[in-house]
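Read through the structures below before going on.
First chain A sits with chain B, and in the next complex the same chain sits with chain C.
Our next item is the complex of A and B:
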């Protein structure tokens, strides 16, 4: 892509957000909507500056990201182990997979009461909930990736007398890698959504969710808006970062059509 | 002295065998609930260092026979033994090259060849040397770090041959290895294979439906007839090597084989013309 084409596509990408911000600003200033419900941008900006200066915003963001990351690491780690077991063992697959497919139909938020009862109301329960959110897409995608491994490549492993561990390391995991990365990518997004959900629905504590709740309870819409903007920006950056990593981790992707 | 030969002497001092005995082998598959007889009572002997070609139309069970010898199909009747030991499953003593290169797409040429050595009783240094020597043997120097999708079909098949040979097997099985290549590449790789066989002094069993390929490469050509697969005729080819396609003897034997295959068709035991898709 040439420089001007890149600029052009960036320009097109900016049309919608800039348009929305302008509409927001005009609506807020023209009195079309109540300023208490939709504060003008400069108020949100001032609040952002105030929160940044006091260190509260960064503190909340750090608390949320820490939770997000812990939940993601534990959840996706457990997801990889469970996915390997389900993907490689026909018995485990037959016994568990149908049940699991039913289980994943339960909306994630419906687990919150159960997890709260089992793990308490503090940090532990939140991380378990985020971990659950991260584990599910990892398990599903890894199992699918392992099942899609070419029989012909498995036979090559047979010819070289691969043992169980060698099959996993040299055949199944690399074959499932594109799928697994898709699963991890989704896990990053789900974990961030679950982080906000956990902060929102479980006992209040420091975090972006807590910031939004505080804004709602004190009827400071600029604080609520700020929280929402931060949540969206982090989600956007996480998604972009994951895509970027994914492309760099699979140099053989162009070969997917080949045996 | 070349590196590959040195490696072989070091790794397997008592090598130089590669005798194959196939006795009364029969094999059936179940297709759509009905049993289909792929091979009936096939017996053949391959001497150590011999180049034997299994030739026949589609459906004659030649690839099935090769898979049985490789140890990839555990269920069959009869017995197959290599140097007196009955085969049980796959073995590093038997290499195989499939019709498709079957390279691992996530590994470079060098990594693909090295994967063949994962269970070889060699030091890491000896493995590195063996990988480099075999990549050189098939003429892929300079492409060791290339990924399979960066290779042409012929180069990928060369890499597959290097991987099939890297364990220094006493027997190399080749299942229509050039079937998917264009005619020019195929002709070049046939000559290469002849050179590699002369160089390595191992037993090779090649499956093909290409009569020209069979007479160019084989010490013996075993013609199989289809439905059920069985040995129909055996042609010995004593023409000196390296051979040329235009050699009078080869052309004569080629015509004999074509006639033999044609007879099979006339008496109704073979319905598929030679040279059809596998």
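Our next item is the complex of A and C:
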């Protein structure tokens, strides 16, 4: 019963996408719309195959993912250090936090002109920008997690006469772990977005963003569509992968959330 | 008399607390500003890397006085207002339909998820090919950015109205319309508002992206232009204005949201 209901809802879900694709195909073949605007599906498929076979697509994807990962690692590493400092030191928190909150209101992409003035258009500038995108959510969530550490846990640490390092390792970090993982998850999503943004505006070297921009400049709609498909798929996989890891790493939260 | 003293004592404590907060806040600029001023003055940093704070202030004052800043900000604000209004209105309609009817949700959800999965930034080049680089492009991109969070929060908010509330309505033999007006909508307003707030934030970010990529006026264009001319003071002024407007709009909506949230908690009690 529930199986057929699930099948029914799956079938309903397919109606709109399939209908849309069919309309697209018919419109494109009948000449109702300009093929330049809406190339037939098989053209997009052929472009995808061509780009895959020539290795161009994979090269671009590899370059983007490399950047994404480097920026994420540097950005979230710096984010953890800054977050620890702001979370553990009342003085640092009072002096810096309000300014940090103001700074984060600046839409991320608005940093690109400044960063490109400072670092140029090369790999370095892109990774700095991606790192910035990744650092912000890590800092915010880690500080929040540390501040929310239960008073009782801190008292246990006092009883054991923990020193500063032991406090960080055995009390604050484990207590803040769920928030930290949320921050890292967001950082992964923002880093991928920032990768595309960086490649749009600092169009040097291969990358998926550069592929899309080139497709737009040469009016190759099929290339643009292919690029968008890749961007969406990578974003989806990164998000799902991070959720999966989060559940594996902190199963106790999933359990408590169900109550 | 004693009561007055107690109240005035409390006022003094509150004022002192605000003053200490302000004091802490001023420490960072008190350290960085002198370094910045001396550094640019002595020429440790070339002007193209970091102009002195005086220059930035001067540019800001000039651009306010000439009305240039207001003009660019006006363009941006108008675009966001129009795009957000269209996107949020469409989002409320689609989200409500999805929240109210399981069937509509079944039909629309997969397509919506696929569209939502691709960030506004990635849609821009496609939209540029289809719509050109005119006003229509900006409105569509901003509307899409606002649409997605509004749909998600509205549909979830309506679908998650507590079962108990609906049962009360059933006991009263409410008609579907009464149910909507007296049970579903009041219960779903706080999450819907959260969706609107996210929608506005996303709309503002999308505006900056689309103006950076394709525009000849607006705050995003100011950034690109300052970058091309190597006028760092203009770039910094544009960034500050973008930050301030983003901050203010978020603050206002956050205050309204807490009001709504409080009202909900009182309602449950």
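Note that the second predicted complex is superposed on the first by the 219 of 259 C-alpha atoms of A that agree within 3 Å, B and C clash if a C-alpha of one lies under 4 Å from a C-alpha of the other, contacts with A are read in each partner's own complex, and residues count from 1 in each chain.
The criterion applied here is as follows: a contact is a pair of C-beta atoms (placed from the backbone, for glycine too) under 8 Å apart; a residue touches a chain by one contact, two chains touch by 3 or more.
This is a predicted model, so every value here is computed, not measured.
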After the superposition on A, what does A:171 contact: first (chain B), second (chain C), both or neither?
first
Between chain B and chain C, whom does A:221 touch in the aligned arrangement: first, second, both, or neither?
second
Who does A:99 touch here: chain B (first), chain C (second), both, or neither?
second
If touched residues of chain A are counted for chain B and for chain C, the larger one:
C
Could you tell me if A:240 is touching chain B, chain C, both of them or neither one (first, second, both, neither)?
neither
A:107 in the overlay: touching chain B, chain C, both, or neither? Say first, second, both or neither.
second
If you stack the two complexes on chain A, which partner ends up touching A:156: first (chain B), second (chain C), both, or neither?
first
Mind working out whether A:213 is in touch with chain B, chain C, both or neither, as first, second, both or neither?
second
Chain C residues touching chain A in their complex are 21, 24-25, 27-28, 48-49, 103, 106-111, 114, 117-119, 121-123, 125-126, 128-130, 204-205, 208-209, 212-213, 220, 223-224, 226-227, 230, 232, 235-236, 238-239, 242-244, 246-247, 250
Please output the residues of chain A touching chain B within their complex, sorted ascending.
152-153, 155-156, 158-163, 166, 170-171, 174-175, 177, 250-252, 254-256, 258-259
Touching residues of chain A toward chain C in the complex: what are they?
8-9, 12-17, 20, 37, 94-96, 98-99, 102-103, 105-114, 116-118, 193, 196-197, 200-201, 212-213, 215-216, 219, 221, 224-225, 227-228, 231-232, 235-236
Taking the touch rule as given, give the residues of chain B at its contact with chain A in the complex, in rising order.
70, 72, 89-92, 95-96, 98, 100-107, 115-116, 118-119, 147-149, 167
